[in-house]
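Input: one structure, supplied below.
As written, the chain order gives the labels A, B and C, with residue 1 at the start of each chain.
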């Protein structure tokens, strides 16, 4: 038996890790050196990165393709607003609380929607989102069909303009980086190994004792909670909730799906790449709303047919790069 | 010889696994070839490479002088190649008769029609409108054979005829084999039961780990030689 | 009498929902594909009908002579050109590609026709009604229900008594062995999608006559069709009709309580059945 060592990191990932930490430090200091519009854009970036990373965890790793995550985005927004408006909770605190509440709500939802398989699960998740949206439209105390804006008193409770913008930005940064960290650590753990096994073969992994249904349930609920937190953040960024905007399929699902598909489904780096591409394209096509969606949709279809692993998947397959390594490498001492 | 089946150095894969490492054979019209070998030796893959369910990476498959390497199943059936699949694989949403009629969909002329199939296997006539899956194993095998015959093939590939069937049923089916192949039809018979296969064929081919380990006429080689070739020793 | 009327209207609109569902069910039965763009295709058919009517001046229902073959041809091309490439075991490609298609259709229709609400005029048919023992039955809703019954009966006949139906069933059972019978899978699937879109065409025209439509109505129709399929049970076309009726009646009862409750009540009925009878009322195959 020859001697060997096991490592997880690759040279590329070590460099990437250092760069990421430096980037994070720079971003944390952003409220002091960046403009309002940069903070706003960065906050948006963090939102899409987080949503994409979480959707990728469900679809690319757990095999749960949801077309209804907007249910939790809207739910998070509405619960956060309700907590702030009716219970006087500090809006920043309301966000994690909304996440918790949404996770609890997700428990019975999961047991319902898990009765459906495959593509029917996808549409079922959409139905749930529609139910949430229609219920929200019935809530007159929250503005009914037209929604409601955050009252000035609540906004002022967040502090002066600089403090307010900084806090919301930091919250966005925390959720964005946090979602990435959550997914990365999860996939490095035993649960991550179980997920890969399930993805490769449900039958085989089931015979090894992996409680597939339990794993899927837990992940669905966790992702629901995190997605709701992002929804709470979004409602703070926009200072407003409304049934159509908070539960929008286009904004919170279509774009997210396209981001992940184009960037690379089933890889951690994919959603990052995808979000970058999304924002780049948006810069150049900002004025052409409908064409933008048409282009994204077409691009996603082409990618799915020609290079189903997306841009990063292709790169990874070709060059073996991995910025977030989750596997082990064996180095034989020869 | 330009008529009949000829394989030259066929290499076929089953996913990433190479199942055939350069197999060659020649089968003249009207001959029955017994294809024997252990599980996983590549027998099924060989049949699939001929009828079009698998596409060889390298090598050539020729039928009656025509290169049919890589042709799809829907094309080879028009040329007179039919498969009786391992495990029957009847269409479970279809009745017995519908399975048979579908076999004749390709519309080749010949002696086999619904009437003559029912003469060959009378029990099927009684059960013609029943769902194919409600029949016994042996009867399902008859439907599978009938379905293949309905396309009036010139070459029939039998994949594990006796799998899962009671000995007496196997005996009955093999008793009908000469009647089936008697009309100038070629056949390849894949069987785990070596004795039965050799008894029904005029030549044989033994595969071991995707390679031809022994070939010839049944009487030419001793049981020991065949055993050794079978197990690859 | 009012309750009877509500239930009756619900039953009749259930026919429309069954029409939405029939095409969806057919495709799932033959190739295990759930087409997320299904609802948007119904809306597309409505717009195609609108253009045909504009061009020819025909009555909307008569325009079906053109709309049905147009949609069927489009379905065949769509299947052979794009959707066939996504089929092959993995769940993601067909789902994501059909989702992309849905977005493209919505925005394409928006770009061409604007977001304006449209409606097709069926003339006297829209208000005509027949009195029956104290209640009046609208001719158009009755026609819609009748069309649903006719379509489902027609599909059943096609599936179980024709060579094409036999080809569908065989390919659905075992596509590999069906190849050996001369059935080219790509072509069989193409015919199946063509048939599905022919049904979609009928659904689209009735949709266009019955209510206003705009480029974004697709997902809603998909969901109604999907709910009818799940309530009725997978693989059972007549069950789908029952599912549509239950949905329609549920919505009607909800609307009677409060107009804003209409669609929500339908979803609630669906979720209830999902909770109590997950495989639907009359299931024939497993998902």
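FYI, a contact is a pair of C-beta atoms (placed from the backbone, for glycine too) under 8 Å apart; a residue touches a chain by one contact, two chains touch by 3 or more.
This structure is a prediction, so every number in the text was calculated from the model and none was measured.
Undergrad: Touching both subunit B and subunit C, which chains are there?
TA: Both-contact set = empty.
Undergrad: Using mean Cα positions, find the chain sitting nearest the overall protein centre.
TA: Of the chains present, the most centrally placed is C.
Undergrad: Using CA atom averages as chain centres, what separation in Å is found between subunit B and subunit C?
TA: So the centre of subunit B lies 44 Å away from the centre of subunit C.
Undergrad: Measuring centre to centre with CA averages, how many angstrom lie between subunit A and subunit B?
TA: 54
Undergrad: Rounded to a whole Å, what is the gap between the Cα centroids of subunit A and subunit C?
TA: The computed centroid separation for subunit A versus subunit C comes out at 33 Å.
Undergrad: Can you list the subunit B residues in contact with two or more other chains?
TA: none
Undergrad: Multi-chain contacts only, two chains or more: what residues does subunit C have there?
TA: Residue numbers touching two or more other chains: none in subunit C.
Undergrad: Mind pulling the subunit A residues that touch 2 or more other chains?
TA: none
Undergrad: Considering the complex alone, what residue numbers of subunit B touch subunit C?
TA: Residues in contact with subunit C: 51-53, 72-74, 76-78, 82-83, 85, 89, 91-94, 98, 101-103, 105-106, 147, 151.
Undergrad: Note which residues of subunit C are touching subunit B in the complex, please.
TA: 163, 166-167, 169-170, 172-174, 176-184
Undergrad: What does subunit A use to touch subunit C in their complex?
TA: Touch residues, subunit A against subunit C: 59, 63, 65, 67, 112, 115-120, 122-124, 126-127, 130-131, 134-135, 137-138, 249-250, 254, 257-258, 261, 265, 290-291, 293-294, 296-298, 300-301, 304-305, 308.
Undergrad: What residues on subunit C touch subunit A, complex-wise?
TA: Residues of subunit C touching subunit A: 33-34, 36, 82, 85-86, 91-97, 99-101, 103-104, 107-108, 110-111, 219, 222-223, 226-227, 230, 260-261, 263-264, 267-268, 270-271, 274-275, 278, 287.
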